[in-house]
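Order of writing sets the chain letters: A, B, C, D and E. Residues in each chain are counted from 1.
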Amino acid sequence: MKRGKRRSEKTGLPPGTPVHVGEQKSQRTKITVIDYDEQHLEEREVETVEECAIFKDQPNVTWINVAGLHQVEVLQQLGDCFGLHPLVLEDILNTMQRPKMEDFDDCIYVVVQTHYYNDKSRKIVTEQISLVLGPSFVLSFQEWEADLFDPIRERIRSRKGHIREMGPDYLAYALLDAIVDGYFAVLENLGEDIELLEEELVAGPGGATLHRLHDIKREVIFLRKSVWPLREAITGLARGDSPLVKETTRLYLRDVYDHSIQVIDTVETFRDMLSGILDIYLSSISNRMNEVMKVLTIIATIFIPLTFIAGVYGMNFKYMPELGWRWAYPAVWLVMAAVGVTMAIYFKRRKWL
Amino acid sequence: MKRGKRRSEKTGLPPGTPVHVGEQKSQRTKITVIDYDEQHLEEREVETVEECAIFKDQPNVTWINVAGLHQVEVLQQLGDCFGLHPLVLEDILNTMQRPKMEDFDDCIYVVVQTHYYNDKSRKIVTEQISLVLGPSFVLSFQEWEADLFDPIRERIRSRKGHIREMGPDYLAYALLDAIVDGYFAVLENLGEDIELLEEELVAGPGGATLHRLHDIKREVIFLRKSVWPLREAITGLARGDSPLVKETTRLYLRDVYDHSIQVIDTVETFRDMLSGILDIYLSSISNRMNEVMKVLTIIATIFIPLTFIAGVYGMNFKYMPELGWRWAYPAVWLVMAAVGVTMAIYFKRRKWL
Amino acid sequence: MKRGKRRSEKTGLPPGTPVHVGEQKSQRTKITVIDYDEQHLEEREVETVEECAIFKDQPNVTWINVAGLHQVEVLQQLGDCFGLHPLVLEDILNTMQRPKMEDFDDCIYVVVQTHYYNDKSRKIVTEQISLVLGPSFVLSFQEWEADLFDPIRERIRSRKGHIREMGPDYLAYALLDAIVDGYFAVLENLGEDIELLEEELVAGPGGATLHRLHDIKREVIFLRKSVWPLREAITGLARGDSPLVKETTRLYLRDVYDHSIQVIDTVETFRDMLSGILDIYLSSISNRMNEVMKVLTIIATIFIPLTFIAGVYGMNFKYMPELGWRWAYPAVWLVMAAVGVTMAIYFKRRKWL
Amino acid sequence: MKRGKRRSEKTGLPPGTPVHVGEQKSQRTKITVIDYDEQHLEEREVETVEECAIFKDQPNVTWINVAGLHQVEVLQQLGDCFGLHPLVLEDILNTMQRPKMEDFDDCIYVVVQTHYYNDKSRKIVTEQISLVLGPSFVLSFQEWEADLFDPIRERIRSRKGHIREMGPDYLAYALLDAIVDGYFAVLENLGEDIELLEEELVAGPGGATLHRLHDIKREVIFLRKSVWPLREAITGLARGDSPLVKETTRLYLRDVYDHSIQVIDTVETFRDMLSGILDIYLSSISNRMNEVMKVLTIIATIFIPLTFIAGVYGMNFKYMPELGWRWAYPAVWLVMAAVGVTMAIYFKRRKWL
Amino acid sequence: MKRGKRRSEKTGLPPGTPVHVGEQKSQRTKITVIDYDEQHLEEREVETVEECAIFKDQPNVTWINVAGLHQVEVLQQLGDCFGLHPLVLEDILNTMQRPKMEDFDDCIYVVVQTHYYNDKSRKIVTEQISLVLGPSFVLSFQEWEADLFDPIRERIRSRKGHIREMGPDYLAYALLDAIVDGYFAVLENLGEDIELLEEELVAGPGGATLHRLHDIKREVIFLRKSVWPLREAITGLARGDSPLVKETTRLYLRDVYDHSIQVIDTVETFRDMLSGILDIYLSSISNRMNEVMKVLTIIATIFIPLTFIAGVYGMNFKYMPELGWRWAYPAVWLVMAAVGVTMAIYFKRRKWL
């Protein structure tokens, strides 16, 4: 939320005004087109939106991928070309969107978030991805050129699976599937982080454990915020009645839906585990404080009375008969030993030793 | 709740009695009228309600904005003129209303709250706004003359967007949109406050952090209390079946509805984050107490026994053979060093050092 | 739950056996009748149930208010006279009823609770109120003669509002409205108590703060327990299909329903605020403990080593060369000053000073 | 769960195998039959199941009560005689059943739990009760011969209420009513326990308070676990469409349903109160620790520096000019007094004194 | 999640690609076939999938159990033979599936998890079990050859119960019943662990108690995660409308459904109990810390002032008149006794002693 336009700067603008909201995460807007059917395949990077227009009305499946969202005018041309509603265009550009699915009779708009786990910073990076599914095309909008969709491009090229035989709805499914699969990778990394945390906890936690716990908790809160509406969006696609999604594809979408529920389950489990870890953390701090206090108390309560006794016989009164007695000194040692042993027994009984 | 009439002072009055409840926040009641269609635009500030009456039955869109609610008689005249139900008038005047939407066949009444973040006091200020949507007019009631609706006035004047071509339902939508957009500004400010809090937490929290946390928590509780029913009110408009709201406008209302859900999501996330921060705060206090205790314990448990030994040889007994020995003094130093080192090793083992 | 019959003492009695459960809160049962239509008004206190019977079949609206529930036989006569179901009579007498609304085709039975805030004891007092709405009468049963309904009597007498022109359903609405308005007064008092608590918290909380917090929390729990079913009961009236409630009155009932939701919102907000206050309370205790510990630790860790040094040179060994040195004494002072300053710098670095 | 068969020992047996699960709580199986209509009444204890069979097809209401469930073969004969489904018999014998209601067209099976509060052990004892409602009979199965149903027997004998004029559905209602009434007695006892706990809390809590709190909490958890499904079972009876339950009886069942909701409300309130008590308990421990620490700190921080001063002038250096001064001793007393008073003022300012 | 393929490694593969995800838990894939009707029974272990094919179209009930899932090609042959959808095969192989039930018109696919309690490690072991119910066959897939289904095999062999007379749906029910019964065994073990924990808590908890508590909590979280969707899967079977499940079997499935709810109830109760135990644990740590602090404070506050007095008269000033007094020494003893007794009375009053 630091760089780029903020959401509130749009206040007062008419609805449908395309403004890029959020950080600018890529240098330029890169448009790639893949056009295929069972027999043919054409793949190229285009410079201008006009080049895309020719693919629009062909019966082949056309997949136009746009990476980089800050060049508003390019996106607006694309929107005009494919007849996108101004509100859709606005949503594509606002990268702080809540995942949702909207059915405009002639196309379906889906916006979701995908997450990457950065191994170095141990933080989650989020990218918003918008999909528009039309009768013969799929438009996908990414914030930057991530390699998330590469396996699908590969499958199209190599004819692996059925993707070449299916329509644009199957392509949209495949993209969503890749996005949801991305969650599993992030969850596995988070799961490992949580396991590390538990190990630290057993080994003896410090302040760093606490801040790491807080960081992971925050990541989980954000994941959770994006995955619940994702599930809603997918169920909207799978159970909706749009003719753009064929019955055979719905079966696959229900599979993705199951995966999204699994993601939710795992996220909720992580929350429970993290709050359990915090409890244990707090308890072990208390436990350790207890230990420290016991040591202090044992030492202090044994030696303070003894020091007092020594102090008494260090007084300089003229008339202190004990000072002259022959066995006074050993006797004092005996008394002091007795006091010490009594104390030790008391602590033993109290199970402090 | 401090100045002005309190809610309970209305007890026992017949329903529909217009009484202003809440603080008086403006000096006078200011009524402005904007009357427009695609071609014409008339904008003026009126002194008496009679001046408004003439706009009522014209086909043009008439927007009457009333700022300042304590002049009950003016509002009552306006209510009579536009045929408002007494209960509606009562609700407009009661500035502690819960957001809601009510459909009286000939008009729709919506009451919502808008919030401003005061940068100086770092507190949220709340204003209640009532909207009445009729067949050709929109009445809006504000507690004081805030600049919330200025961008919309500007859009009407400058014909930006479609607002001049649309009916009063679109105007009502535009007002609601501005109100919901106001939430984002407040949320961004709160978000920054929370980030500040987290930074303070890392730097080392004090009592001030705690009270700031409490204040922000309270703001979030109040935001939450106003935003959930706001969502209900908007969904009532978007999904209702009143002929006053046209189908094209419903699409825009659904967009505002999405925004309101996003506001709710963010508010809930803030709650989670604040409770996380409190946990960390409490844990770090415990951690620091632990540190303090360790230092005390290390120093005390090392020196108390040593002081005891010194005390012993400070005793004035006549018959203490050690006192006369040649190497007794260095020997005592050695003993004391041994005790100290043993203790230090013990603490090292316990990982206290 | 202390005086009077307890709920469990009814165990085993046949259903519909009228037994007064709960404390006896008034000396005698006082029955007042108000009979009115647009033109006429008759108001009187009656001694026997027979006097009520004559009003029953007149078309005028008859409001019979019974204050004091322990004279079971009087209530039973009244029940027989107005044809109340034995289970209704049982419920009226059991003053630990859960708020509810029941539709017996020929009458509607509503039982709710009203609360008074006792300024002296700062406690909430609860009264159960039962309403029976018949075709031309309203029976209301109070535990004692409270002044809750006085404003309504006044409105009937003075023809303020529409009450004289409306039927018994409007009267029942007016009574419910007065009851729900009573909640606002209680909530305002509780709200002030909570504000006081927050101020105490800032000033420095003690054990009394804690017990006050606990007391308010308990009041809120009890309020909550009575207000949720109240809302259900009112919605049952407002959205039910009984011919006893006219369509025009339903509009007013929906208004009361809105108020009841507002009460719930406020109660829930109070809960959140109280749990926030407890968190702050606990944190500030921890904070203060921390302060106390720091002071102790600073003083102890500075002076304990110094005392040890002084102790060493208080030993009485014959052969302690330092004792005879010329500058030994000032040197020891220097050493002690150095130790003290080192410690102070250490604490400064740790930000304990 | 300690004596008797455990649930898991049934694993692998075919469904419907009658096995007694749970503790054996009575010595023998006692079967009593009450057969009545408006005119006649026959009551006797039977030895064999055959004696029951003759009552089965008579139009009179027959109530067969079985106390003691471990004699599996007796129960199986009874089941065969009255045509119970094997799964029902299995459920009757498994005394760890979840309350539920099942409608087998020719009979209705209800299983619920009843609780007794043992005044001595201050623990709740649980008994499972199964009811089978047939066209002209009610079978009830208890784990031991408890006096729960005695008042109903008495009502049948003495013709109190309408029970003799009504059918078996009313009898089943009366039994359920007695069972739900039993909850109120338990709740009143628990409520008193909670009040005691709160008083202990004010008086000054110890470890015993904590364990008592834990015990009550556990009882409440178990009550809660049995009362929610109880409510479901009763609503199933009251709102079901079985011809075995007459319309007039449904009214009474709705009354029991209201009672069960009241029980739930109270249980939930108890939970809230107990968690509030725990919070207060924890806070007052912290408070008391704070007090203890303050006393220690005040004493230690005043006397440790003073002891240091005394220690300094207890050193035996040859050249300590102060030692020879005339007013040194009183001057040291003055210095020590000054240090003490300064400390006391400091503590006063910090509000520790 | 440590050995074997991880879920994320499947990213990018076309849907329906059979890949084994999860740990490999058995050496080889073992396929056993049981084919039976009322008269005949054939049971054998097969080596190749072809041997299974012959059973497919016979009217007898055929139960094919596959133990060990890592031999992907064997499973694929089986899938082809019995016409399983590729997505089903993928789910069978992915051993981190969420329990679910899916109805493909010609077969029903159910995937659930079963748990074993390992007495030695006191940990729960989880196995995923997939069932496919076809018109005349049931396929069951286990991760390793566990003895979970042995009692059912025994029942088929020995004709115990009705299993030989019923169809494949009853067999599927019996398998599910065995799986749900397995939960009870695990819950009983967990229940005993929790009781042990409570006993430890009373005896005096240590750090081990805490980690055991954390472990059990984690097991409960995982159980919970698997049992809620299990309930959904069973209800899908019991209330679905597939012709593959006969009406008589649905009755039994509802019984399993009841059991699954009972499992859920118990799991939720365990959660409540564990959080209660944690509260008690934390409270008793605080209590014990309090005890420790009191001992320290009592000893320190009594002896520190006394040591100070002794220190004063150990000073070596030339002019200290008290030193020469005859009764000074006994007087100092009296003063010190007085101080000690005063302190003790103070502590007594504060109830620290």
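The criterion applied here is as follows: a residue touches a chain if its C-beta (ideal position, glycine included) is under 8 Å from a C-beta of that chain, and two chains touch if they have at least 3 such contacts.
Every value quoted in this text rests on a predicted model; they were computed, and no experiment measured them.
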Q | Neighbouring chains common to chain C and chain D, by label | A | none
Q | Rounded Å distance between chain A and chain D, as computed from the means of their C-alpha atoms | A | 42
Q: Scan chain C for residues touching two or more other chains and write them down.
A: 282, 286, 289, 293, 296, 300, 304, 307, 311, 314-316, 320
Q: Counting only chain pairs that touch, give me the topology of the graph as line, ring, star, complete or other.
A: ring
Q | Chain order around the ring, beginning at chain A and proceeding next to chain E | A | A, E, D, C, B
Q) What residues of chain A sit close enough to touch chain B in their complex? A) 1, 6-8, 10-17, 85, 87, 96-98, 100, 204, 206-207, 210-211, 214, 217-218, 221-222, 225, 229, 278, 281-282, 285-286, 288-289, 291-293, 295-296, 299-300, 303-304, 306-307, 310-311, 313-316, 320, 322-329, 332
Q: Enumerate the contact residues on chain D facing chain C in the complex.
A: 150-152, 154-155, 160-163, 174, 177-178, 181-182, 184-185, 188, 191, 202, 251-252, 255, 258, 261-262, 265, 268-269, 272-273, 276-277, 279-280, 282-284, 286-287, 289-290, 293-294, 296-297, 300-301, 304-305, 307-308, 311-312, 314-320, 350-352
